[in-house]
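Heads up, the next two complexes both have subunit A, just with different partners, subunit B and then subunit C.
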Partner chain A sequence: MSSTVSSPRTKALPTSTPAGESPRRRLRAVLALARVEARELLLQIPVFVVLCVYVAYVGWELWTGGGEDGAYPVLQDVDRATQPESLFLGVAVLVCVNRAVLRSRRRGTDGHFDVLVMEPWRRTVAHLLSVVPFALATALVVAAQFTGAALKPGAVGTGSFSELAVAPLAVLLLGVLGVLIARLVPSAFGAPLFVVGGYIAVVLLLSSSEDTPWLRWLTPFVDEFQADPLPSDLLGRPAAWHALYLVGLIVLVSCAAVLCGGRRTLPAALGLARAARNPVAWPAVGPARLVKAVALGAAVLTLAGAVGQSRGDSPALLAARKQASVAPEKDHTCVPHGRSTYCAFPEWTGRTEDWAAVVRRVQSLAGGAAGGTKLTVRQRVDARYGLSASATLEPSSTHGQVTVGTRWGGNRVPEFSVGVASVLVAGNEEAAAAMCDGRVVTVMWLALATTSDPMASLRDVRIDDSVSGSAIVLAPTHPLEMTAAQTTVVRELLQRPRYGVTAKVKAHWTELTSPKTSTARAAELLDVPVPKGSEKEDKCEE
Partner chain B sequence: MRGVTRPAADEPLPAAGLGRHAVGGLVRALVLPVARGLPWRPLAAGGTLGLLIAAGTRLHSDGVQPWLALLHLRAAALAFGLGLAFLLDDPARHTTATVPVRRLLRAGLRVALVAPVAVAWWGAAVLLVPAEGRPPLGDVTLEVAATAVLALAAAAAAVRLWEEPEPGQATAAVVLVTGVAAPLLMPGRWTLFVRLGVDRWDEAHRAWAWVLAGAVLVWVACTVEPVRRPLGGWSRSSPRP
Partner chain C sequence: MTSLGTTPSVPSVSAAGLCLSYGSTRALDDVSLRLGHGVTGLLGPNGAGKTTLLRVLATAVPADRGAFTVLGHDPGTARGRHDVRRALGYLPQTPGFHPDFTAFAFVDYVAILKEMTDRSARHREVRRVLDAVGLSDVRGKRIKRLSGGMRQRVALAAALVGDPGFLVLDEPTVGLDPEQRMRFRELIATAGEGRTVLLSTHQTEDVAMLCNRVIVMAGGRVRFEGTPAELSARAAGRVWSSTQRHPGAKAGWRTGTGAFRNVGDPPDGASLVEPTLEDGYLLTLDASEVAA
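Now for the complex of A and B:
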C-alpha cells in the first residue's frame, strides 16, 4: 500500500543511477518493482482471501475425493472442470492490480515519479509482470487438481494441455486487463464497474449465441454443461485454438497498456487531447516501435485463434459422433472376463474389470440358465446432438446385451446392476423396459441383494429416493417402474438373510422369470406376506 | 508525533448536550456542504451502469424471462452497490475528524441525501425491465436493499478500521469479490441466492431480511466513533504528507 517513493522496500530501484545504464540493469529494476508489486498484490485482502479459499477448496476436493463419481474421473472432462473456479482469483487480481496501478495517483505521487529514471511505461511493464506469479499459482493449483484426478485408480481418458492452460491464462488475461483499465480510465471505480458490466455482457453474449458458437468462444472460459462424458476424439472443442486466442489477447492487452502507459486519460489515449506534455512518459522511439510490432503480431495471433476456434464441428467429427452413437461396435475394443464379453471405447477398457465384478455378483444369484448366460456388456453414448445435449439411450433389442454408460461410481453402479439383472430375467433390454409383473421383484432383488447396503442402494436407484410406494427405477437405458406392492415385497426380501432367499429364487427361477407370474404369486413363492391390492396394480398400462 | 499532528480526533462534543433544536440547526447547516462533498461520480457511474444492465433485459432476442431479468437486476444492484461503497469517502477526513459533530450524524446525513436518489434509481431500473419479465418486485427490492446496505456497512467498516480518507476503492473490491463469489461458493443448504420459482423462495427472502437487519446493525456499529483510535494493527496506511 505504501507509496513507492518513500518505502524502504523499493530501495532496489535504481533511482539514483545515471541514465545511460545498461538495459540489463533496467530490466533488473523492472523485475525488482514487479516483485514488490506482486507481494503488495498478494497482501490485498480480496486477492489473499480468494487465493486462500481457492487453494482450500481445491485441497478439500482432493482430500474428500470430490463427490459421487469423484473416484472414477474422466480426464477429458476433468481438465475442463479446472477452469471456472479460477475466475474468482482472476476478478480479485483484476480489481487489485488496477488499484495498485492507480496508487500513485491516489496518493498524489505521480509528480514524484517524473523525476525518477524509471519511465512510466517500465512501471506499467512491472505491474503487468506482477500478475504473472498469480497465473503461476493458478497453474500449480490446476496441476494439483488434474494430477490428483489422474492418479486415482479409476481414472480413464486423456487430458488436454490446452484445456489445462486456460485457467492460468484467464487469470493472466484478467490481470493485464486490470492494468489496461487503470491506464485508460484512471479512476477508482473503473475496474469494479468493468467487472459487473463484463459479467452482464458475457451473459447477454451467451444467451443470444445459441446459433453462433463463435461469439461464445470469445469469452475466456467456454463451459459446457455436459450430461455424459464422451470419448476424447468426439469432444470437438477447439481447445488449442482457444489457448492461442487467449495468449494473443494477453499480449495485445499488455502492449496496449504499455503504449497507453504515458497517457493518463482515455481522451489522450484515443488521441483526442493534445500530445503528452511530458516526453519522459512515452516509451522511447525504439521500444515504442518494438511494442507496436509485438502488438501487431499479437493481434494477428488473436485473430488466428478467434478464427480457428469458431469453425464449428467439422463433417468428419459429426460423422464420427454419429458412428459412435449408432454403431459403436466399430469403435469398440472388446475384452473377455469370465464367460461374458465387455466392449468399450478404447479409453474405457480399463474399467471393464469393474463392470465384470458387478455382472459376476448379479449372475451368482440367478438360477437356471441365466446363471451361466453369456452376456455382452456394451458401452454406449449418444453424441449426435453435441456435448451439451442430454439424450437417453434407446434400449437395445439384442439378446443378452447390457448397456453401460460412460460414468461410473456412486449411483451408476446399482443402476448398472439393475440393467444386468433385467437382461438376465427378461432376455433383452427392450423386453425389460416393458416389464410390469412379478418379474420386477426378481430383477430388483437380483440387482441389489449383493450390494454392501441393499436398502441404501434401493433408495439410490429410485428417482424419488423413497423405499415405499410406487416409483421409477433408474437403469442405464429406459427406467423400470415399481408398484407399491412390488416395493413392499422387495423391501421385505432385502431385509432377510440373503442365502435363504437365494435358495428360493434359484428353486423357483423359471416361474419367477415368467411374464405370467403376478407380484402376489412371486411373493408367495418367496415366502413373503402378499401385500394387499397387488392384483390391481399389476396390470400393465397400455 | 501522532498526538501532535492529529489531535485526539473522533472525540466529539457529546451530542446529548445539544438540544433537539440545535441538532436540527446543525443538520440544516450541514446539508449543503455534505451534499457538495458527496462522491457523486462513483454513484453516477455505478447507477448508470446499473441502469444499462437493467435496460439490457430488452436486448434478449426472444423476450426476457423473469429468471433472466432477476439476474440482470441482481447485477444492477451490485453495480449500484459498488457506487455506494464510495459513499463515505471523504478526502478531508483528517481535518473534519476534529469537528464537534458526530460521525453518525455526518454519515447519516450522507445516507439520507443518497436515499431518495437510490429509490429513484431503483424505480427507473425496474421500469426499464419489460413488464412481462419482472420478477416479484417486493422480494427483489428486499434483495437490492440488503445489497445496498451491505455495501454501506462495508464502507462504514472500512472507515472504522482504516485511517484511510478514501477507502472506497478497497471497499468496492471487497464488495465485488464477495458479490461474485458468494452465490457460487455458498453451501447449497444456505438459501440466499435462489432461482425464481423454487419453493425455497420465501425462506430465502426471510434470510435476506435478516441480512438487511444485520447490515443495518453493522453500519450503525461501525459508524459510531471509537472511544480510542486503534493502535497500530489495522491502521496500516496512515496518511502521508
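Now for the complex of A and C:
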C-alpha cells in the first residue's frame, strides 16, 4: 500500500449508485455471474479433461471416418449413437458445478455474499445457467457428429432431432442436478455419492426392466442392443416424448434448486418444515410464486413425457414390423441394375449400386449359366422384436434370391459376396446352407477372388479371423462351415493368379457345383494338391 | 435505550430500540445509535454484541425488535433491504476467500454480486479499489499465495468496491502486524472521507487514531456514545501514578518507566496523570459491570 491513496468517494461509479431495481439490470447481473461461473467450471480439471477427450474423440472419428462401417452410416442409428458419449461430460459437470455451488460455503464467503445485492436464489440461477454452455458445446459436438455422418456418400436413413437433442439435454439435466444436490446436501460428498448411487440405481433399474421396459425410459439415455439397423418408421422409439420428459425434468429440478437457493433447504422452500427455517434470517425474497407455478408446469410436462414414452409399441407398429420381416416385398422399392433386380427398403435404395457392383464382380467369375443368371437381391431385416433383440435371418428358398442386410461396409461386403456366390453355386440360400462338400471351395473362391486383398477378406469372413483350420464363415443368412481341407484349398487358390483359376472354374463349372463333388475332387479339378483327410471331413452330418 | 454524548446532526445510519436474542442470550438489548459521516469506532469486550450489531446493520440478520435506516433506506422491507445492500460495504470478522481466484477475480466476483453489470466499468472499479488498498502489483496472483495482511486488504477492497456509502468493518486489524495495522488505519481513514464507516475493534489505539466518534458496548447495550475525547474525559481525575499498584484501583499496571498506572478512584494526594481513551473505556466497562 502506498501513502498516496486517493479517496474512493471521489471516483464514484454510475453502476454502483443506488438506483431503483431494474429487472434488466438484475438479469444482466445474473448473466454476468453465470459467465464467470461457466468459465470457472471450464477451468475445473475434470470438466476440461473430459471435454477435451470428448471433442478429440469425436474429431478423431470424423477424421478417420469411423472405421470400416463408418463409410455407410445409417442415420437413424447415428443420431442415437451420439448419446452415451456425452455421459462422462455430464457427470464431470455435475460434480464440478456442485463444488462451485458449495464454494461459498466451503470458503466461508456465504455470510459476506448474503448481504450483497444479489440474493442467494439469483446466485443459484446463475449456477444453473453456467451449465448451459456445456450443453451447447455438446449440441455442437453432436451436430458435427451427425453432419459428418450425413455428408458421407454412403449415408442412408433419417435422423431424429429429438434423438439428437438427448445428449445436450442430458448434460443439462446432470448439471442442474449438481446444483440441486448442492442446495439440498451442503457437503462435498453429496455429488460423488449421488453419481455412485445413481449408477447403481440405473444398473438395477435396467436389470429389472425386462418386463417393464418403461422403466428404462426414466434414465437419461436409453441405449438399445441392436444387431441390424431398422427402417426409421419401424424403430418405435418415443424420442420426442423422451426429450419432452428431459426438458420437463430439467425445468423441475432447476425450480427446486432455485426454491432451495432462496430458503437453503427443500422443506423450508416448500414451507413444510418450521424447524428447517433459520430462526435468525430474513424471509426469502424472490419470485417464489412464479417459480412454483413454473415448477408445477414442468411437473406436468415431465409426467406427460413419462407417460408418453411408456406406452410401448402400438399394434400398428408391431404389424408394420412383422410385415417388414416376413413380407418385405410389400415395403420394398426395386431397382434394376444390369440383369439383376435390387429390392430395398425405401431409405436404402441409394445402396443398390454398391450391391450391384459386388454381384457383377462375383458373377464375372462364374461359369455355365450362373454367369448370366438373373438374381434378385432382396434386403431383409428381422424387425419383429424391435431394437431390443436380434434374430438371424432364415435362408430364402426362392431360386436366385440373395439376401442383403441393412448394414454395409467393412466385413458386410465379403459376407454379401459369400451370399451371392452361394446362390450362384447352390441355386438358393436354403440349399447353400446345407453345403458340406467341394462346392464350398467354389463358393469361397468366387466370393473372395476379386476382392482387393483376398487373404484379408478370407480372414474377415471367418468368425475366428483365421486362414487355416476349420471355421464358420459369415453370410447374410445362414453361415457356411469350412473344413480344414477346404480352407487349405481355398487359401492355395486365392494365392494363385486369378485368371488361371478362373479358366479352370469355368471349364469345370458343372462338376464344381455338383453336390456330389468332394473337396478332394474339387482340388484335383482346380489343380491344387489334395489335402490329407479331406474325404473324412466332407461327410455331412446326418 | 442507552444513548450518551453528542450525536451527529445529519445521521446516515440511525437505529432505535434494536433487540436480538439467540435463544436465552440477549445479544442486543435496546440499542439505539446515530452515525454520521466519518469513522465511528465500536469498542467492547468479547460478547458485548458488537458483531451482532454489525450483522444487523449489514442486513445479515434481522433484529427481533427495533428499526434502523441506512442512508434513508429501511431494511424492514425487501426493497429497502435491497437498497441498503446496494449502499453497503461489509468486511466480516473472518472474511472468507476463494483461494483459487486471483485477487482481481475475487473482487470482480464481489462486484458482480453488487450488480455492477457493465464489464469494462466494473473492471475499472476493481482495478481502482485494488490500487487503493495497494494490491495492484499482485492483482493477478491467486489469493492462496497472498500473505494474511494482503488477504485482509483484498477483503477491504471487496468491501470498498462499488463505492458504498456505508462501510461496516468488523475487527479488520486483528492478526495484522504493526506495520500492516498502520497501513490499514491509513486506508480506513481515507475510506472514511465522505462516507459513514462503522469500525468494530478491540484496539483502543485504532479508535484514538482513526475515529471521530466512538460507541462502547457491553452486555448487548450501548454504554457510551460520543467523541474519543469525551470518552477519555470520563477518566479525568481518575488516573494516577504510584510506585505500587494501588489496591483500590479498578485496573493497574507497571509502565515502561517502572511506575504503576492506576485507574479508578484515586486516594487523596495521588499524582494524577493525563487520561487516555483506554482509561475512559476501562472505566466505562467497569461502570457497566456495576450497573449490570
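Basically, the second predicted complex is superposed on the first by the 502 of 542 C-alpha atoms of A that agree within 3 Å, B and C clash if a C-alpha of one lies under 4 Å from a C-alpha of the other, contacts with A are read in each partner's own complex, and residues count from 1 in each chain.
Note that a contact is a pair of C-beta atoms (placed from the backbone, for glycine too) under 8 Å apart; a residue touches a chain by one contact, two chains touch by 3 or more.
Owing to the predicted nature of the structure, the values given are computational and were not obtained by experimental measurement.
K.L.:
Where does A:Arg25 make contact in the superposed view: on subunit B (first), on subunit C (second), on both, or on neither?
P.N.:
A:Arg25 contacts subunit C only, not subunit B.
K.L.:
Thinking of the overlay built on chain A, is A:Tyr199 touched by subunit B (first), by subunit C (second), by both, or by neither?
P.N.:
Once the two structures are laid over each other on A, A:Tyr199 reaches subunit B alone.
K.L.:
Kindly classify A:Thr158 by the partners it touches after superposition: subunit B alone (first), subunit C alone (second), both, or neither?
P.N.:
neither
K.L.:
Considering only touches as defined above, state whether A:Ser314 meets subunit B (first), subunit C (second), both or neither.
P.N.:
A:Ser314 sits against neither subunit B nor subunit C.
K.L.:
Just to be sure I read the superposition right, which of the two partners does A:Gly111 touch: subunit B = first, subunit C = second, or both, or neither?
P.N.:
second
K.L.:
So in the superposed three-chain picture, is A:Val36 touching just subunit B, just subunit C, both, or none of them (first/second/both/neither)?
P.N.:
A:Val36 contacts subunit C only, not subunit B.
K.L.:
Name the contact category of A:Val91: first (subunit B only), second (subunit C only), both, or neither.
P.N.:
It touches subunit B, and subunit C stays clear.
K.L.:
Shared contact residues on subunit A for subunit B and subunit C?
P.N.:
1-3, 6, 107
K.L.:
Within their complex, state which residues of subunit A touch subunit C.
P.N.:
Subunit A reaches subunit C through residues 1-3, 5-16, 18-19, 21, 25-26, 28-29, 32-33, 36, 103-104, 107-118, 123, 280-282, 285.
K.L.:
Across the complex, what residues on subunit B touch subunit A?
P.N.:
For subunit B paired with subunit A, touching residues are 41-42, 45-46, 49, 52-53, 56, 59-61, 68, 71-72, 75, 78-79, 82-83, 85-86, 166, 168-170, 172-177, 180-181, 184-185, 236-237, 240.
K.L.:
For subunit C, which residues count as touching subunit A in their complex?
P.N.:
20, 22, 58-62, 71, 73, 78-79, 81-83, 85-88, 90, 92, 94-99, 105, 108-110, 112-119, 121-122, 124-125, 128-129, 132-135, 153, 158, 160-165, 183, 186-187, 190-191, 193-195
K.L.:
Show which residues of subunit A lie in contact with subunit B when the two form their complex.
P.N.:
1-3, 6, 44-46, 49-50, 53, 57, 87-88, 91-92, 95-96, 99, 102, 106-107, 187-189, 191-193, 195-197, 199-200, 203-204, 207-208
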